[in-house]
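Two complexes come next, and they have one chain in common, chain A, joined by chain B in the first and chain C in the second.
Moving on to the complex of A and B:
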């Protein structure tokens, strides 16, 4: 297949998404057949655009927080002083991943109340693992020869970390962040069960009023966002890897 | 001056470097040779403390190399790592600028130095400076590795098989370049190699290592004439020992009065080249000329053969 065809498809998807978010009424005829008894075909309890932006905001905050903590933890456990914490942090991060987000919501609400906060906590915990594991892989697989060259040039431990080990880990770290973002985009929808403003609201409203059109448009917007962000981050990753002469990892 | 005093390195039960003592004169080239695993790299890396000796001391110009923090010591000593070890995420220019940047040189000075070094190693600064290491051939990468080691004008330069990946022609060129750089900056060079030919050609002194021990430490002529044991003899390769010996001297040193016919040879050429040329052209003698083209005399096969015999 020619290289520009996938690019064109993604561009079309982006245009379609923006059109739908800004002018949803244009698409009413398409969704009308999915509704019954003259129910509205386009979500009418708020702006889709602002819900999508709030959804992205929630994911962004949770991912940045997960990134900061996961990367810091990975750095700590790969230094001589922190090496003994490696098994402990591994299990903690794994628990974060295996604990169902719904259960986290249920536990968090009594503590922090309804709204965005419990969702952020759930997404944060859920997003830690891929970033942590990938950063760990990146930091521990820097070629020994290159680390030795950095030592030989007179870099201190911190300088090696900042100038050599972290930059060389960027492609693998980005892969972890990409996974984490995509998981969070989907998972954020359940935040609306505890009154967080996300695209989940559209889906829940559809489920409650038995309106298939709502469910579908909520789901499709999330899916389109996920696909576009996934692709954008993959491209970034390939760019970073190519720059270092590494073979781009299969996305 | 580098003084290595009773240095030993053990990893667990195995002794990798075994009670090595040697003194390296300033502004000389010392070549460490030996078989694979004999401890050459380990000995080299103890000088800049990438490896800490189990016992013994190493002094640089009279001061113990443990008197400054390791990373500061290493900024003052050039190190070309075995297999180049360039940073893949940094351009050639950034790679070369590593130590000057750590030392806080200003940008103008760094750029000037990078360009100077690239030109010195026959790489066009404009073409190669902005490239990434993976965009270079293996030989070019090695030269960049050498440039990086030289960047901060170190007095001492440690080189671990710097010319391993080069073809014979580029290798000879790189060796000439290195000797020129060494003369120009008066750098003390310690170089590791597997190649006895390279050792004889480059070294003011050669250190032969076997199983962690320093077997012989002497001038090339001395090692060729009086190998300390069978191991050294094997390493030299007994069959072309006379030719290696001839390669140490210049034609100028073997000039005899008289005249000869045919193509001449320059006085700076090696005696080995002169003998090869005489044998190949089937002559018994040929004229020797100085740099300015004036006649100095002649070299003869007979005279060269005498010089190829084991020194008494």
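Moving on to the complex of A and C:
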């Protein structure tokens, strides 16, 4: 296959997605056969575009929070001060992952109420593991000779971390963030069962009124967003890896 | 001799202080949906038991705070957790007015903080003990037996979650059966289809990217949408294929949930089979070829056994994921523990939510521990064999 074909496909997907979000009525004839008894084919209880933006906002807030905590935790447990926490933090983050999203959402409701907050908590918990594990891998697999060279150049522990270890871990870290974002995009839809404003609202409205067109459009928008974001982050990762590869070779 | 603080212990002691002295221990509600009133440890328990519990908590908190031997920390956390578990039940019967069947007593934030801090201590001890896989399963079974004994003894019967259970005992076990059927059944189906598919992808390179890409895209479809999308094709099958509806295939209910879970399960199984087979050392394959093994013999005697731990890791991911996702089945009438969760959210009856959520979390947790132990057991045995050979 030629290299530009996947790129063209992605571009078409992006154009389709933007067209659907801004002018959903253009697509009504396509979805009409999926409805029964003259039900509306396009979600009509709110704008798809604003729901998509709210969806992305929820995912972005949760991912940034998970990123800050996971990276800080990974830095802490790889320093001599926090080394004794390494096994425990590993098992805790793993345990967090076994909690089903629906359970986390439902249990968070009595503490923080309905709406966006329980969703943010669930997404945050789910985002932690991939970022933490990958940052840990990045920080613990920095080639020993590079760290030695930095020490030899007279860098303090703090300087080594900021100028050598963290930059070299960026590609692996980005891979973790990518995983975490894709998981969060899908999980955020479940947040609508506790009244969060996400694209899940469209799907749930479809399930409740037995309207397959709603379910399908909600699901496909989320899937398209996930595919596009996944690809964009992969490209960013390859760029970072290339840069880091050059740095490592130069050193 | 100098006194030294344990770093984690400082956090545990702080949470314990907050949970024992500041936050409420139990919540009293006049009926199941009104807002609750907080009760502290002293108010919630008959004297002198309240003071005894406080003394135990303070002692266990001190054991955690300082650098103490692992045995003492293990003892401290187990004693604290056991007394919390026993006494919360007592708080239930103590706070319920005589003959009142509407009042609901549930554990409040203080109780959960205390459980969290001593579970953290226990988890730390168990991690530091570096238990063998068999040891971890033994600890899990011991904890399960202890909880079962508490439930069977009726010690917790006056707590709100068990009152919800008492009202729904029959449907609880039906939904439990359905939940396990959905999670395990779709896993078995995905393994039966996914293993050959993975082997095929390993052997036929042209197929690999295509199959993995399709499965990857299925994973990006949100679970509630995939469950919903399955309604249409299965409804068509039920209406148009003779005998399908007699088998219980319908547009809504367990059938679409089963298919959706099956589709989600395929990627980890296929991907891990491919990765596992790709990781088989070339030398092992060449040696087998040199001994005159056929392709099928190599697969069953060499490649598959060597790849098995990786494949099992995929199955572990699927099982834990499926136990959680099966709760979504309730949204399309497929049953499972999600029924209680979504009913509870709808009625803002949190005890009902807990009745669905707690067993789901416990199942997922137990499945993760058991399968992790099996994976590690197989991996260590394998490396021992390699070392011997």
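Just so it is clear, the second predicted complex is superposed on the first by the 245 of 251 C-alpha atoms of A that agree within 3 Å, B and C clash if a C-alpha of one lies under 4 Å from a C-alpha of the other, contacts with A are read in each partner's own complex, and residues count from 1 in each chain.
Going forward, a residue touches a chain if its C-beta (ideal position, glycine included) is under 8 Å from a C-beta of that chain, and two chains touch if they have at least 3 such contacts.
Worth saying up front: this structure is predicted, and the values here are computed from it rather than measured.
Upon superposition of the two complexes on chain A, no clash is found between chain B and chain C, which fit side by side. In the overlay built on the shared chain, the residue A:115 is in contact with neither chain B nor chain C. Of the two partner chains placed by superposition, only chain B is touched by A:164; chain C is not.
Once the two complexes are laid over each other on the shared chain, residue contacts for A:153 go to chain B alone; chain C is not touched.
When the two complexes are overlaid on their common chain A, residue A:40 makes contact with neither chain B nor chain C. No C-alpha atom of chain B lies closer than 25 Å to any C-alpha atom of chain C in the overlay.
The part of chain A that touches chain C in the complex is made up of residues 34, 82, 84-85, 87-88, 91-92, 94-95, 97-103, 106-107, 109-111, 182, 185-190, 193-194, 199-200, 203-204, 206-207, 212, 215-216, 218-220, 222-223, 226-227, 230.
Residue ranges of chain B in contact with chain A, taken from their complex: 48, 50, 71-76, 79, 81-89, 98-99, 102, 132-135, 148.
Put simply, chain C touches chain A in their complex at residues 7-8, 109, 120, 123-124, 127-128, 217, 219-229, 231-232, 320, 323-325, 327-328, 331-332, 338, 341-342, 344-345, 350, 353-354, 356-357, 360-361, 364-365, 367-368.
Remark: chain A residues 145-146, 148-156, 159, 163-164, 167-168, 243-246 touch chain B in the complex.
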